[in-house]
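Below you'll find a set of structures to go through.
Both complexes below contain chain A, partnered by chain B and then by chain C.
Up next is the complex of A and B:
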């Protein structure tokens, strides 16, 4: 039994789990990080990272077999040949869609920190105050000042490159030198600025790719192969950053193939005493014990773990006394934007493949503006010269056609929106007890949809994109939109929200489960609203802050 | 293609024919498998290589045949095409020979380079014309498939990416204001 006892347990090894493990071990706690999937060793297991495009049999595309095997992943760009191994096996781990929800998962050490988009933005008080102002969901129990220092702490360790733009809605951070806009982006930015002055902003993306060497990591080499795993450790992942830091303390045990089936809740102490683990390879069950449990299984699976825990006390599981566990599922809605042609600059090109673009922070419903929807959206995009896949109207086939395609085409500029999704109580996940996964465990059922506010917002997202690009001198601008499907933003949030009152929230202002004070949830599940910024940086900051609190409480004997 | 690329690209490709790219973003239905063994016969891959070479011939840089685009097409049709598209592709190979025979009284392999170019130029016009009114549920034109696979196969091959285009495995830096003069080759993507 004693070998299964630690000071702290971390469930999950993705962005927030890695951070929890790093912070706990650095504070001297013997910690075990449990990961449901396989191990991925930094560099060694990035088996495709150094391949040229010709080394993939289908040149990175998708086979009919893959389409059959991945009925969800095939719905969008993630299904591909180059990093298929990083995406969850859907036959082994199915889920039920009462309504369509695109759940793109990564079950391995590092989780989705290996494939994430790396865009890293701070939130603003506007975001933390929004629920209270609008009377929607529950008020965040924290404000920007509570996270300010932790954002900086997370940025300095993770290595976020960005420019201090001084945009009020998008607080500047402790950045590494920014990546560069290309000549066309600078030109579009100049015209954008002339038109919109200080009312809207157009900035270089802030990304977790390091631009100077940092903690034994090499700066970004501009290969744009990030999601294959980076042999230079140039972008933040568990493997490149938090895991080596945790290992260096000598306090970390990492256990892959460990599906946490429940948190072991002690009715007498009203605390967790540990977790039950199903070994995914051997199907054997183990128990691990600790004083503190951090739940970082990703928003929906963290809720799943809680739903399966303490069911003898609360039928709906640990945290369900609030009536909110599994509810308020959020994501960012996307698939709407515009693009067009940029004239000139034929004597200009780019060198290097920059894994970053430009960002237009939210500008709607601020400074007293009131649209027919609440909240807002931002855009990501960029300018580039077209390549061989372009159409050449005047040429059909042959030598001239080929030679024309070996040269770059004209410049274009495209961008897509990321919109805030409101926390609707009825957008929920529940346990589907009739259908099981490969291990006989109940699976999740999704009943989640975009509603009126998101749909109205999308009209602005489409029309504004076109209008702004036209105002910035882009030609032949065409806008597009798609039927909004949640999940495909891959920013799941909200299923165990923070709040001020145990009657309406699962977690308090320190990410502590109201009903079990030594259990902390610091991934997307904790979010009380979604804002429109990419959320991972906020999870990092919340996690570091919660660990700091947890360890202080532990030392005080409060947990 | 990652999300950032996908977002920018959707904006950029509107209105244009995206050759090759649609394999990467469209899901498609499966059906009963068609026997594609014949695609891998020496004769068929040689035939496909010649078709490919006519679309992207050797100029001052290598052509499609040097990149074995014929072999690539066979793999892609076998593994990535739906049964319906496999049938269209297979039938198209016969249709191409029939069209050549009708015009020049010989098979495509027997035709000379000029005749091949003439046939495929006609076919390209026909396929482009067809695509103008094609509804998504209408069958694909076999020449559109051949041309897409040729371009994809060639420009992502080692020959195509490193000799017809320029491939830099580890750029090491980013220059957003890099000089370009007409004739400089494009960068191959990662």
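Up next is the complex of A and C:
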């Protein structure tokens, strides 16, 4: 056996790649996990995690140099001084925007599991049935019952804190104890309940931060520094959770700096035999062989790998026979919501920095309601007390002003919407072969936009936010909206969707590529619709389920 | 190439290389190390004195003692775009001119009481939405005040002595009484 031969290959080491590696190795398969970027060692490489705010030269802000170096990242909050190294170097890895698309990437071991928002929600049958009911895209080949047990499995290992709220549209999970709402959130929740009864719900966020010790990980210390890497391992990441589990089996090989350029497809067996890797440091090419390939490079890069593979058989790449590869790009549209002032509670503050907020699950277009758009949206938000830098109207300058800066300001409450995006065939990524990245590889071109359904939904997202906050007693509520740009949600989905028919989908109900049964795609690319919940928990469940299937098939000799 | 266009282009290149203040008096080199902003020692002192006037030393340290003035320069030098940096330099001149006109002497030569009176007027104007400033004085003042307050409230001194910042709070108390200084 060549040293480059394994039982399984996993492309990518983010949330879903880490899960694939853990599941495959725990089932006894010798597995290599290939990561295109640098290594990040748990704790040791979290270089900024233990700094006080004053230790950052610009207090965490952004310099003009950073703005020049990161023309995409600068468009939103991710460009900052505290974790710049976790975001992809845009000069080395550019992409083409036929239409604007904000692609915020993390090329390193752990991928974006190091910087993710950690909100973790199950989907509901309403979500899995939506495409079929609306006659849009393709029907999901699975239903909630197919994922139910896997959701629980993923939650129990990842460690999701949350409350069993009994909200029909948002199934409860196997949670750790929930985080607590602060006094203002509780007050707003009370009035919200009085107004909306059981028609709408206001719950504590369900987050992948552990609230009790778990698998050698320390429970959340309320530092709210989650995107710097957590020295306590308190939030789920590849490094804190799946990687140590995979390493413990003795079956894992992790290879950073490994850009998978293509999956090696064998025409005779109609299966993949391995992958080709370009070493990002040495520019040397290697081949790795395995019985199973899991593609977890994140939705858009997973599609990129497939597009570059088996082009001698299918011009558009492996999985393109359906005409769907690279199409149906989805995200959640956001940047719309409302906020206001909360009176009272001046004698109360919060101690500790809770990296979580409240959640209002979807309530639109349910129970027979029909708006002038389909699907729905949820909100994330929270109550907080304004900080020390506030402008104090009655004081201008001087010693009294300086002393007043030590007093907290007034309470406020704000929230923003996350809206479902439909799978439009014409929203697509393609290979731009005229432009290359640092390694001479073709880059992606984006032709993706929000359409009428999203724009109509956003009117409700803005107006409902204001109305609900006013109904819950928040004062001086101001709503806001922005031009909807996809990518900003950092929830890319849909480019290699699951389905029931090889003519209209890239993957079957077990995340198998129809055209190569030993290739599995279990990241956001697999999604046939986007729902409005944060999607990563669903990727975890899909991955664990697909590995279970893959290993059974392997043992049966079917792949 | 037409010579005049060549000269104009040259001027553009030079102009973008450094932001030259219109009232550069060349009164010595500043102490603060700057990459883009060009100020002389006198102008540097105006900003230092302004920061100290906004947050003076009382029974607790002021802006100068805590080095907030250096932070203000660092932020404007590194983080502001060319347009705002130009406004800062222009506004610094406008501020110095206006102070001289009102006080009959330079801001740096004025007493603490005189500086405080002058800056108070500037601050009141800056907060008045109806106040129209044809110069860049107000824009300059707001930049300095914003960064002075930001620098102070995120300084180690403030976060460890004036409020209690704990790197590892370890718990979340949703009903913490304000009387006990709360962590952020």
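Criterion: the second predicted complex is superposed on the first by the 558 of 559 C-alpha atoms of A that agree within 3 Å, B and C clash if a C-alpha of one lies under 4 Å from a C-alpha of the other, contacts with A are read in each partner's own complex, and residues count from 1 in each chain.
We take it that a residue touches a chain if its C-beta (ideal position, glycine included) is under 8 Å from a C-beta of that chain, and two chains touch if they have at least 3 such contacts.
Not measured: the values here are computed from a predicted model.
Steric overlap between chain B and chain C is present once the structures are superposed on chain A. Residue contacts after overlaying the shared chain place A:509 against neither chain B nor chain C. Touched residues of chain A, counted separately for chain B and chain C, are more numerous for B.
In the superposed model, A:337 makes contact with chain B only, not with chain C. By the touch criterion defined above, A:223 lies against chain B and chain C together after alignment on the C-alpha atoms of chain A.
Once chain A of one complex is fitted onto chain A of the other, the partner contacts of A:442 are absent, as it touches neither chain B nor chain C. In the superposed pair of complexes, A:316 makes contact with neither chain B nor chain C. Once the two complexes are overlaid on the shared chain, A:94 sits clear of chain B and of chain C alike. In the superposition on the C-alpha atoms of chain A, the part of chain A touched by chain B in one complex and by chain C in the other spans residues 50, 52-54, 57-59, 61-65, 67, 179-183, 185-186, 221-223, 346-354, 387-389, 391, 396-399, 401-403, 405-406, 408. Considering their complex, residues 50, 52-54, 57-65, 67-68, 74-77, 80, 115, 117, 119, 179-183, 185-186, 221-227, 334, 337-340, 346-357, 380-382, 384-391, 396-399, 401-403, 405-408, 412-416, 476, 478, 480, 490 of chain A touch chain B. The touching residues of chain A, counted against chain C in their complex, run 50, 52-54, 57-59, 61-65, 67, 179-183, 185-186, 221-223, 346-354, 387-389, 391, 393, 396-399, 401-403, 405-406, 408.
On the side of chain C, the complex with chain A involves touching residues 53-56, 58, 60, 62, 74-75, 78-81, 116, 119-120, 123-124, 127, 145, 149-156, 158-159, 162-163, 165, 167-179, 181-184.
Residues of chain B that touch chain A in their complex: 1-21, 23-25, 27-28, 30, 54-57, 59-61, 63, 72, 75-76, 79-82, 117, 120-121, 124-125, 147, 151-153, 155-158, 161, 164-165, 167-190.
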